[in-house]
Structures are given as C-alpha cells and as structure tokens.
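The structure appears right after this line, and notes come after that.
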C-alpha cells in the first residue's frame, strides 16, 4: 500500500504515469490531502444543505496565505527550503498550497473546467543553499486564478507566501442559494455556517465548535469543548485508509483522484505563463 | 414632560421623593437607560425563546468594564470628572455603570431579591479639580455582586474602571434551558444567540447582524448590513417616548421603574459596606 | 458646488464629459465614495507602516459581497430595483459595488495598470417592474478580477449579490512587508492591524475599536467605546468638503479622481466580455 | 512517582494527609492541572508585562461554564456520572471546574485571602445510576464567588453546568495597569493580549495564534499556523515532570501546591453554606 504526500506529482504527465503504475500494481493508495473518505462524504452532505436545486448559484472562494518568504535574505533549496526551488518542488504556491484548496474544491463542488490565472515571483534571485550561489527563483511566489466549475458556479482562488500576518490562512467558503459555509485552518475545530431558513430576527453566521460526539470522527476523542489539533487530521486519514483496505474499497483521494488536482495546477500555471484562459484537461 | 438622565437619583430615598413628585404632577416621564418600551418588549420576546418552562434555570451575568481611571494622576470633580466625586455622583461604578446593567436585567429577567457585594477604591486620594486639594476618594472604583432573581435564577454583576483594554465592555448574557443570548456594547449592532434545538452538526453561537428590516426599529434606517451607532439608541427612546405620550401611556422605564434599580444599588453598596448579604427593598 | 452620488458615470466616456464640464464651470465637486480627504490622508499614513521600502510586496484583496438578488422571482427596474436594469445602472456589481473597492484601492495603493476579469449573470431573465414583461438581464451579477498595481503589487477583487449570508461584506486587506491591515463594513468601527515588529510571544492581529479621541474624526463624537454608524461617514465627507471649499482647495475624490475608477471598471467589463487581459486607460 | 488527577482530594483535611504521606515517602509528584512548570513560568513572565509597579490594580475574572446537566432526566452516579454524586466527587462545579480556575489564578496572581460565595443546586433530585432510586442531589450545580488576592487585586469566579451554549468555557482574564490578557479553552491555541503602550491609532486586543516556534513548547510541534489540541497539554505536563525528575527538582503543581487550591474550595463551599465571608486557610 502507498500513502503519497501531496501533491501527487511535479505535473500532470508525471502524475499520469504514477496512476498508470499504481493501478497496474493493484496496490491500495491514497494521497495525504487530510480530507479522507469520511470527511469528504460528510462535507458533501453538508453541501446538500446549500441548495441543490440551484447548482448554478454557488460561488466558491478559497485562499491559502502564508508570510514566511518575505525576507529577500532567505535562501532557496536544501532540506528546509526545497519549496523555493522549482527543480525540487515543481512549482511554488500553486503546487504546495493551492493544491490543497483545489482538492477540497473538487470534492465539495465538482470539476473545474477552465481558468484564468496570474502568478508573480516577487524575489527574483535567492542564494541556493546547496550551491551557495545566487540563482534565479523559478517558483511562483503568489498565484490567483478564477474560472468556472462544471456545475456553473464560479471559482476564485488565491495563494501567496507574502501575506504578512497570515501563518496558514487556508480557508474555503461556499455560498449556496439557501446556506453558506466557511472554514479556516487557523481554527480548524470551528465551522462557520449560515442558514437562510432561520427565523429573521435570530439569523446569523453560526460558529460551530466541532467537538460534540455527533460530529464526524469526534466520538473517538474528548468530551465536547475540547479540540483536536493538526496531528489528528492525519490519524483520521490513516483510520479511513485502513478501513477502506479492510473493506477492499478505494480510499479517496486515490492517485487517480489526485491527478485531477494536478491537471488544474497545470492549466493554472499555463494560463499565467501565456496570459490566456485555459481549459482543464479531464481525467480519462 | 421630563426625560431624566440615569440613574434616577443619588440613592433610593431621593428617588422615592422624585417618584412621588412626578406622579403627583402627572407629567409623562422616562429615564435615559436607552432601552425604551419597544426594545424592552422585543427583548422580553427574545427571552421567551430561552425556555419559559424552566424559569429556574437561567444564570445571568452582566459586566460594565472601563479603563479610564487607572492613572493616579487623574484628578476628581468638576465638569469632566464629577463621576469620581461622591458628592456629585452618589457612588462610583455602581450608580454610573452597574445601574445600566441592573436596569437591563430587571426588564429581561424580573426582580432581584438579595445580593452580596464587594467594592474597592483602588486610588484612595485624588486632587480635586475645584478645590485644588488632595482629597479622599469616596466612590467605588470597582464593584462585583451576586445574588438571586425572584424567578430563582442567579445573578452575577461586575464593574470597574480599571480593566485595562476595555473601553465600554457593557455586556449581558442570559442562559436559558433551551437557548442563550449575549450582547456587548462595543459591537452594539450584533446579538449572539445560541439555540439548542438546532441540528447538532450545525449548532453554534449565531452572530446576528441586527440591520435587517425585520429587526426592531431597523426598517427606519439603512439597508441590511449598514449599522447604526450609539446616537440612534437615543433616537429610539425619544420615538418611543413621543409615541407613548401620544397614546397617553407611560413610557418605561418611568421614574417608578427606575426606582427599583436604585433599590438594588442601595442594597449592593450596603452589602459591600457591611460585608453581609442584603435583601433588596421592593417598590411599593 | 456638486456632490455626485457614486459611481461618477455609466462609463468612462460619459465620465470624461462630466469632468470636462465641471472643470470648465470651476465648481467645487466631490463624489460620494465616503472616503473623503482626511480619511484618505489618514489611510495613506497607515499605509506607510506597511513597509514603504518594499513597495513591490503588498498584495491587496477587496471584496463586496451581498445576497439580495438570489431569488429568481425578484423583478428588475423601477425605483427600488434600477440596480438590476443595465440601462439605468450601466453595469451590475462592477459599477455598484466594485467601484467602492476600486476607489479605496486607488487611494491606498495607487493606480491599477491591467486586469483580467470574469463576470457572470446567474439569472438570465427577470420581469421588468415598469413594462411588466420578462426581459433579458444585462447586468453582471458577479465579477472577479485580478491584475497589477503600478507599484508592482497584485490586485484581487470580487463582488457578487449571490453570496448567501453576506449583507454588505465590503472588505479590504493590504499586506505589506512589515504590517497588514484589514477592514469590513459590517463592523465599520473596527480596524484589524498586524505589526510584524511586535515581540514574537505577543504578536497577533489587533482589533482596533476606532472610537478613541485620537482617531480621525472621533474627537467630535462620543467617548471611547461608543461607536458611530453608517450615517456618520456621510457627515465626515460633508465636513471635509465644506472645509475644502472654505480653503479653496479640491475635495478628493473629485470628478477627475473618480474618473480613474471609471476607467478601471471599463477595462474590467471589456476583459470579461472578450476573455482577455486589458490595459487600464490613464487619466490624462 | 505519582501523577494525581485533579483536584487533589475531596477536601482540605484529606489533602493535608496526602501531602504528609507523599512528602514522607519522598516520591516525585504532580497534579494534572495541565499547567505544568514551564507554562507556569512563562505565564508569570507574561504577567510581568501587566504592570508590576501597581500590584494593587489587577482585577481577575475566571469562568468555567458548561451545559451538560440541564436535563432533569440525567441520572447521577456511576462510571459516567460520578461527578453528580457528592459522595464520589466531594463537590460539584467547585471541585471539578473552579479548581482549574483557582489553580491558574494562584500561579498567575498569588494567594487568595478571603471569599464570599453563592452556590445553587438547580435540580434537587436525580435517579442514582447504581441504586436506581431517586436521591437528593448534594453537589453544587453552580457557584460564584468574589474575594481578595493577597496582592490587593480582586477576584471574581463563576462556574455552572447549566450555561446553555457553553461546552467548556474555561476562561481567565487579568487586567493590569499596563496590559491585560485573556484566554478561553474553546480556542486553546489563542491568547488575547492588550498593550496600553501601543500607539493609540493602532492599539487593540491582539489575537495571538500560539503556534510560532518561539512560543513555549511549540518548537517541538508543527510549523506556524498549525495548532495543537487538548491532548498535547498532557504531553507537556509529562515532559516537564520527567525533566524535573531528571533534575531532582519538584514539578509544580505538587501535592503541596494543589493543597492551596483545596483550601480555597473549602472556604468557598463554607461561605456559600453559611452565607458569610470566609478567610482562606494558609498552607503551612
């Protein structure tokens, strides 16, 4: 069995090869996006509240903002800083951060069909840790893109490592006709939920402290009010993976699932490079 | 007609005299607690959601914290600082700040029957603005008290002008068997509401932005999302007062209503002075 | 003197004519963007904290999300709903909502040079209030665009009237090398500020309650802790306008200032229509 | 070595015996208040910012509110519900919840000298799980108390299991002359901090996301922005305990440290029972 760190690959073609090989080998596989089968199923159920009858309405926005590469003195490459070296990382924030946001979006709201993107490399040169030489920085420091989901809703994504004050502002928000949901990794144990069907005089965004026993996974942890942390999101994925293996079922996101995220990243980077709208390749 | 700034009087006996005189004169009257008839009626309606069937359960807590008298160099007395001079103000935070909290509590949750209080004067002497002499400070700088409401619920109140960081932390919270509400003057256009009957997976405190047209008073102001400020709370009380006068009805809080707050303040100050529980005098 | 409701005009060419005529007439003029001279000057000062030495770093994001046109039964046109009628409104959210965001951005961060935009009209037909007939909806229901500021920073803007749960989510955020600021119209009396130079162990986003006397305009209102509302933002602009008139100075945003916003809107709508990047026309 | 679950004992006299025995045995010991030596030391350091020059000013408030015993149908006693059985638990919220708050307060602000308390048992009878009979409930369902710290500051504490909407609202707040700090277990990875010495125009409460490597303990966990959960607070205490054992030093809170909390609980319960102020016994 293979549990692969995300993103699946440096780009789509490499990902296709990986999918081909792992499926030929018939090995149980999953990619560490920390949104494993049960979370995905539950997320989809939550999504049903948003207003299925009007699939054209939702607008979704997702961000992943950090601030750790602002200093021009920070080198690139090596064990701690390979994320700044395009040869090792493939891309910058697109593959490292937006891949998370895209994976979440694909599961909650379906396929993305086309995109228009903008990338920027703010610091053009950095000393390379391994060579000691000042080398050109080839990763994208920031990336924004918008586009369409197959269901007709709009997509808006943003990522940067230059947003002073944000350590890991990985958020998502989906607006449906009837309801909306929001989430932020900084407070991963809280979900914001708005239900338009609430009586007007007491209608407002709800801050759901996701620690009651009737919440997904939570009956295995502490009493209500006591939160889990980042580590437990991996525990959940392992649990779901082992359950799936035991049942002889695939454990999403499989390599094949993760390939779709790769295709979106490829279209985003191509769009930014060519300053044109790009269609996203479909997983065959 | 007389619209009297709060609190009604320096103490209960003085308040009794004022009630006697104004009722003899038959003049329409109200006290500027900024929680006029319609707000009071609506607040009571909201209260009904909290669980009428179990009137014994709610615990209520109210605070009014400020931080503007921390400096020992601040003088007392005169036009700007009469609140620090017991001769002019009657008391310190009890009459100035807690009177607001008590007025709100009496309307939302009924009478308070007994109290145990603690007061403190942190800065013992201050220069008096008018005399130029260093004089003893006789007001209470801070006051906390707990006690019982007639309906069996518990009361907890706190006020100080030494709580660094709080400009006007005038809050209330009522916990019922079914629901709870919270409010803070710092964001006067928001009400926090928790409804236990919400489905578990999406249950949480709601932050209600009180600007929709179906909210009390709000159809007379801006479109949803655009808040009113402190000034408009006076406009509301004038509007309700004039409406009441036009209908020949009393406009709560009348002098008589405000006398009950005075009696609670008297009991609080006496309890703190004598370090004993005190029963609150009833308005005859 | 002319105080013109925003946006200045239906499009750039109409705006150019207005600028020409008002300047020929030599009449004092301003446009109601509610961010008058003193606010603009103070905002720029705040901006200086963000890291002037690195003008290339800031990324700015601005949104204006509402949810009042989700229902397909809502008609278009007439006194209450002219904003849905392209003949009366010129455009949809771009001119009505994003114009506010663009005006703020131009003042805080300088000119926008090029944009790539996406617009959508979710509800394609609505009954017209005046004709009673079902007519095509020609406004943009949603608009997102990204692009570049002249100073090298990136721009990201989003607006829709279909974001369930948001009444007037007019926000801005600017990330500098040293600091960041955020704001949301829903709580217009609060500014979020992050200062990287704070000592690490107590560094965090500050929620500034803008009511102390040393805040712009606030010494004319209430004591600290007591907020103003939406109405007072107009009072401020009138005050600044009259002061400017008295001093014989222009009161930004003048018609000429507002024309630049118009040019950005034109480029945004053209980009969305043609699915191409567009350069923003410069105010001569 | 003995790691004892909190509170130390059913009451003070039992605690004295435990201290005597463990000290006679010379066994390393600690009590699971989850605020181990390093956290206590760091908390004290934070406290120094609050204004040492004016030790008389701080007012501290601590709450621990829950809502899980509101239903009158909930039985008492047995493995899951021994907390409602006075024979097993000693007391109700005082020993179970306020003991946490008192332990924190003693470390951050020193000894408590006297208290005035109010307790209530809302549900007078519950079926006992073990006997099957309806029995009198002898625990305190709610408790509020105020009093004095030895340093002259005021104490205010509140706890209940009937506060609808609060799962584990364990908070503390300390107001100093120069600064204030607040914390809430619901978001245990955030600390609220207010520094009066900040420049006025950008002064506000800071929300510190306690995940940077320079925060206590955090360099051993994830990268900035990724929070730990409730479980890790035990890991920290074990780490500190083992370090202390290795160095041959005591690991606060030792049994002796925890005895002081017991004495405060005893005074609180006695004060509530007799409706009088009580002096807290000193640890010899």
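Which chain is which? They are A, B, C and D, in the order written, and residues in each are numbered from 1.
The rule is short, and it goes like this: a contact is a pair of C-beta atoms (placed from the backbone, for glycine too) under 8 Å apart; a residue touches a chain by one contact, two chains touch by 3 or more.
Since we're looking at a predicted model, the values are computed, not measured.
Enquirer: Using the touch definition from the top, how many steps at minimum link subunit A to subunit C?
Expert: Counted as steps through touching chains, the separation is 1.
Enquirer: Of the other chains, whose C-alpha centre is the longest way from the centre of subunit C?
Expert: Comparing chain centres, D lies farthest from subunit C.
Enquirer: Given the two chain pairs B-D and B-C, which is bridged by the higher number of C-beta pairs in contact?
Expert: B-D
Enquirer: Please compute the angle of the rotation superposing subunit C on subunit D (C-alpha atoms), rounded to a multiple of 5 degrees.
Expert: 180
Enquirer: For the two copies subunit D and subunit A, is the contact made of the same residues on each side, with over half of the numbers shared, or of different residues?
Expert: At the contact between subunit A and subunit D, which are copies of one sequence, the residues are largely the same (over half shared).
Enquirer: Quick one: report the Å distance separating subunit C from subunit D, using the average Cα coordinate of each chain.
Expert: The answer is 48 Å.
Enquirer: I'd like the Å distance between the centres of subunit B and subunit C, where a centre is the mean of that chain's Cα atoms.
Expert: For subunit B versus subunit C, the centre distance works out to 39 Å.
Enquirer: Averaging over Cα atoms per chain, report the distance between subunit B and subunit D in Å.
Expert: The computed centroid separation for subunit B versus subunit D comes out at 30 Å.
Enquirer: Would you pick out the residues of subunit C that each touch at least 2 other chains?
Expert: Expected reply: 166, 190, 205, 209, 212.
Enquirer: Which of the residues in subunit C come into contact with subunit D in the complex?
Expert: Counting only subunit C, the residues touching subunit D are 46, 49, 190-191, 193, 195, 198, 200-209, 212, 214-215.
Enquirer: In the complex formed with subunit C, which residues of subunit B make contact?
Expert: Residues 66, 68, 166-169, 185-190, 209, 211-212, 222-232 of subunit B touch subunit C in their complex.
Enquirer: Which part of subunit C faces subunit A closely enough to touch in the complex?
Expert: Residues in contact with subunit A: 50-51, 56-57, 59, 61, 65, 67, 70, 116, 118, 120, 122, 142, 144-147, 154, 156, 158, 160, 162-166, 175-180, 194, 196, 205, 275-277.
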